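Across the two complexes that follow, chain A remains constant while its partner is chain B and subsequently chain C.
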Partner chain A sequence: MGAQGLTCRECHAEYPAEALYVCERCFGPLEVTYEVDAGLDVAERRRHIQAGPQNLWRYSDFLPLDAPPGPSSRTLSRTGLPAGCTPLIKADRLAERLGLREVWVKNDAANPTHSFKDRVVAVAAARARELGYDVLACASTGNLANAVAAQGAALGMETYVFIPADLEEQKILATGVYGTNLVKVRGSYDDVNRLCTEISGERDWAFVNVNVRPYYAEGSKTLAYEIAEQLGWRVPDRLVVPIASGSLYTKLAKGFQEWLDLGLAEGAPPVMNGAQALGCSPVACAWEAGHDVCQPVRPDTIAKSLAIGNPADGPYALDLARSSNGSIDAVTDDEIREGIRLLAETTGVFTETAGGVSTATLAKLAERGDIDPEERVVLLITGEGLKTIDAVRDTFDSFEIEPRLDAFVDEVEDVVAGARR
Partner chain B sequence: MGAQGLTCRECHAEYPAEALYVCERCFGPLEVTYEVDAGLDVAERRRHIQAGPQNLWRYSDFLPLDAPPGPSSRTLSRTGLPAGCTPLIKADRLAERLGLREVWVKNDAANPTHSFKDRVVAVAAARARELGYDVLACASTGNLANAVAAQGAALGMETYVFIPADLEEQKILATGVYGTNLVKVRGSYDDVNRLCTEISGERDWAFVNVNVRPYYAEGSKTLAYEIAEQLGWRVPDRLVVPIASGSLYTKLAKGFQEWLDLGLAEGAPPVMNGAQALGCSPVACAWEAGHDVCQPVRPDTIAKSLAIGNPADGPYALDLARSSNGSIDAVTDDEIREGIRLLAETTGVFTETAGGVSTATLAKLAERGDIDPEERVVLLITGEGLKTIDAVRDTFDSFEIEPRLDAFVDEVEDVVAGARR
Partner chain C sequence: MSVTVKIPTQLRSASGGEGEVGVEGATVGEALEGVFTRHGELRERLLEDGKLRRFVNVYVDGEDVRFLDGLQTPVPTGGEVTILPAVAGG
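Let's look at the complex of A and B:
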């Protein structure tokens, strides 16, 4: 493949592969289109991927770049942080708890700044450099802020990062440490996003999720490729995916479809289950009401990384849930906390609130009987628990003792034994 | 290779490969000994490693297990968390700042619970299961607590985790979430360690860093193997490594030596620079005084993960610093904070205080002129910045504005431009 240009998702008008994101004719969003090289056979293509580096650049034939950055190994020089190739873990203990046969956890918290945003930023930054930009910028709910600031530090690019002022302190500190220009905006993410759209018209900067968004969004597809490759070139039966803007959710489906079309992956398009926090669930609400578009909401949830009240890809997400026989569910903040605990206790993976949303949604689907016991299900974990540590405070008991054996026996062992009786 | 048994490091008495850690004759520490299969040629051995999984089990021929756990891929079932195969990043911007030619950052924060402890726990837990244990336990300064609790959750083993009561809240929360029996001990790490040694004599549990310590310690060698493999089967000229107990520091040298002996890696044994926090620097103090043993100290430093006042492998660390033409340095808490910033700003890697210690020590060595500009240096980063987030609070400026373009221009851009003039 190779990026051919940009195409409007609505009216199919075509544009060159530049820093454009909205159709001049109909204001629809632009998406990268590819030219498929039908000449390569499947075995050859798979070998080529397997011989690539242990990061997302192994999939660079499917990414909108003139050339992949850097040398072909996980080690790299001046090419930025090595995102991708995160573990896919067979979660037998989680499956057992939910009465399912086969559950896999795709742990994308294992990226350099511990969220899937490192993927989209890697692609956006590489394309921004190809297009001649010196400054990277973004509007963020937190994870993107970490990723842009870190990537800028690795590449030696100046960065401007815009966040809602009330973000979790962990995400603010883990952004500022990289030496970025950190701008806290008094308002919601949607306010931040509007401001960034305005600035992007005035400054010659690459706003990763505004004017170079079509390239940025393609980075999410690599998650689909990896899952398929890690399952032995097979598409799973079902995915459970958190929804903020809806971009990741829809791009995952696009990634699987591209590989199914090329014969690179076997199987059928998966059932796509979207997951939102009840305190910010415009897509889940539209789904329940049977609407085609989302009503914007004012977010109020502990899942701040999903707190987008006016999701850009909402209508496409609703389409996909429908066409894939999926659904879009919402879970409460308490269910999110329980989801975090459930995942941690059964897999050893500690996720941020967004992963609590997807885990709680998987539990809900299992309980509702929506999942056939024979299915192979992949649960997407998009970020790290250390980033939203407040969510687990006071959710477990511990002991505090003097450093003596008798204190341990009396105050720990006897209590543990008592609790078991 | 294949584990042959245990040997006393002092009197060389031999023992079977069981849950033993101290010599019955002279009370010296026991270490695993291997039988080298001289029959395999180098190319064959390298191919075998390269065909292995993308985790530390690719090196299982050099680990003290009867059989490596799990299937041969990064995906895995009931075999625990996939530690190892962390990125080695060429840090050109850091090298430039320090006036050096070639610096690589081995980022072991990229492990499942974001520290190198996942390596040692993976090996200890696997061996504990081979020896028939049902309960995993540890004495920890924080990172080990995270790793043991997570590994226990992944494997479905009960765990007991003992920590000093005054540990960073991040590390406590990121341990308790896995559903472990978490015991906070009112005292220093050395008090915790003494209590655990006592309990390990009374209970039939695998304390990863007490009674199965010889197996646990071997896990650290995989860092040396990985670095050599990632550098194209070459040993670097110099390593800068944080020292707590001294185990990691000495085992790294052991790992390189094993591969040099087998011809698997090329080069010479590296210069080994140890790094301690001044507030807990028993090994650096002994080094400066020219002593062979360490005087125990009471720790007082922000680098809590290195806060071991009575380091078990102190004498061996002093030996190694001497024999490798290295040194053992100590840095202040302020230098640690500066080290964290320096690494973040130049590489995009955000490390915990321990990585601040090794980065600050590298800067000190460079400034002192101890490093030949032609050398290839590897800086070891053992843990993640999100775990000690308090260390970066108030270390950078940020802006807070209303969501309006004019506010951005007046309150951000003009200030940034002013600072540059």
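Let's look at the complex of A and C:
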């Protein structure tokens, strides 16, 4: 496939594959369209992917870059900070706890800056360079800030990173260390986003999630390709995915559909379950009310990486939940903390609050009986627990003893044995 | 009551290249009508059935009018109405 151009999702007006993101006619979002190369058969395509590098550039044929397929994926791998090829873990103990047969955890915290945002930024930055940009910028709830600052450092591009001033300290520190122009904005993420939309009209920069957003968003498809490849070229029955703007959620479905259409993956389009934090749940609220559009909200949740009150892809997320027989659920902050704990205790994966949201939502779906026990379910973990460390503070006890054997026996072993009785 | 309406780059082909338009109006709706009087083409780009299109965000002094009174939101004298695309972010 090769990127053909951009098409408005609303009115289908067509545009060249440049740094454009909004339809001038109706203000709808622009999406990349591809020319499908019918020349390759399935076995040949699979071999081509398997011969590619151990990162997302093995899927460069399905990404919106001019660089031709083939050796170029190697070249891409040798510039910047390649992302992807993260573990898909079979989570039998989690499945057992939830009364399900087969659950897999896609641990996308295992990316260079510990979230799935490295994927979208790798694609956005590569396209920004092709389009001749020198400066990379973003509006971020934290994970994207890390990814843009790091990718800019790796590529030698100047970066401007805009974040809400009240972000978790870990995410601020893990951004500043890369030597970026870090701008803390006094306001919510939606205020940051509005400011960046304004600035992007006035500065000749590549804002990864504003003017080059159509390319950026395509990077999320690589998660779908990877899951399918890791499952032996099969699409899972169901995915549980956190929703902030709704971009990841909708692009995952697009990725699976592309491979089903090409015959590269077997199966049917998966049931798509979206997960939001109750304290910022514009899409889940619209879902429950049966609306086609989302009413913006003011976020108040510990899941700050999902705290987008005015989600750009909200209407499309609602369409997808409907068409895939899925749903969009919301969980409380306490359920998020329990979700983090449940995942950690049963899989050894420590996730940030967004992963707590998706895990808690999976637990909710299982309890509600929405999931057939025979289904193969993939739970998406998008970020690392060390970035939202406050969420687990004071949620467990520990022992503090003198360095003596009797102290260990009396104060630890006896207590542990007592707790078991 | 004079207010400033800021036009995003994507709409400037329909506003004769103007990025800011000074108009009279006490509400967002009236201010936009003032803009449409000068640049008629903008009406259908921003409104559908008399309402804001779903991917159009309008702010009064930085506040999203969907949190306020929509097109009936009052605009103070000297206030700023900003039109921006809604499809960014995430």
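Here is the rule we use: the second predicted complex is superposed on the first by the 410 of 421 C-alpha atoms of A that agree within 3 Å, B and C clash if a C-alpha of one lies under 4 Å from a C-alpha of the other, contacts with A are read in each partner's own complex, and residues count from 1 in each chain.
Here is the rule we use: a contact is a pair of C-beta atoms (placed from the backbone, for glycine too) under 8 Å apart; a residue touches a chain by one contact, two chains touch by 3 or more.
Everything numeric in this text was worked out from a predicted model, so none of it was measured.
> Which partner does A:189 contact after superposing on A: first (chain B), second (chain C), both, neither?
The second partner, chain C, only.
> Mind working out whether A:198 is in touch with chain B, chain C, both or neither, as first, second, both or neither?
In the superposition, A:198 contacts both chain B and chain C.
> As a test of reading the superposition: which chain, chain B or chain C, is in touch with more residues of chain A?
If we count touched residues of chain A for both partners, the winner is B.
> Applying the touch criterion given at the start, work out whether A:113 contacts chain B, chain C, both or neither, answering first, second, both or neither.
first
> Please indicate which partner A:262 is in contact with in the superposed arrangement: first for chain B, second for chain C, both, or neither.
The answer is neither, since A:262 touches no partner chain.
> By the touch definition at the top of the document, which applies to A:49: first (chain B), second (chain C), both, or neither?
A:49 sits against neither chain B nor chain C.
> On the A-aligned overlay, A:311 touches which partner chain: chain B = first, chain C = second, or both, or neither?
second
> Counting only touches as set out at the top, which of chain B and chain C does A:87 meet: first, second, both, neither?
In the superposition, A:87 contacts chain B only.
> Go through chain A and flag every residue that touches chain B in one model and chain C in the other.
191, 194, 198
> Taking the complex as given, what residues does chain C use to touch chain A?
Contacts found on chain C: 8-11, 13-14, 45-46, 53-57, 59, 62, 64, 66-67, 82, 84-90.
> Where on chain B does chain A make contact in their complex?
54, 73-78, 80-82, 85, 87-90, 92-93, 104, 107, 110, 112-114, 149-156, 160, 165, 169-170, 172-174, 176-179, 181-187, 191-192, 194-195, 198-199, 202, 230-231, 340-341, 344-350, 384-387, 389, 392-393, 395-396, 398-405, 408, 412, 416
> Under the touch definition given earlier, write down the residues of chain A that touch chain C in their complex.
Residues 10, 21-22, 24-29, 139, 189-191, 193-194, 196-198, 200-201, 207, 209-210, 213, 244-248, 293, 295-296, 298, 308, 310-313, 315 of chain A touch chain C in their complex.
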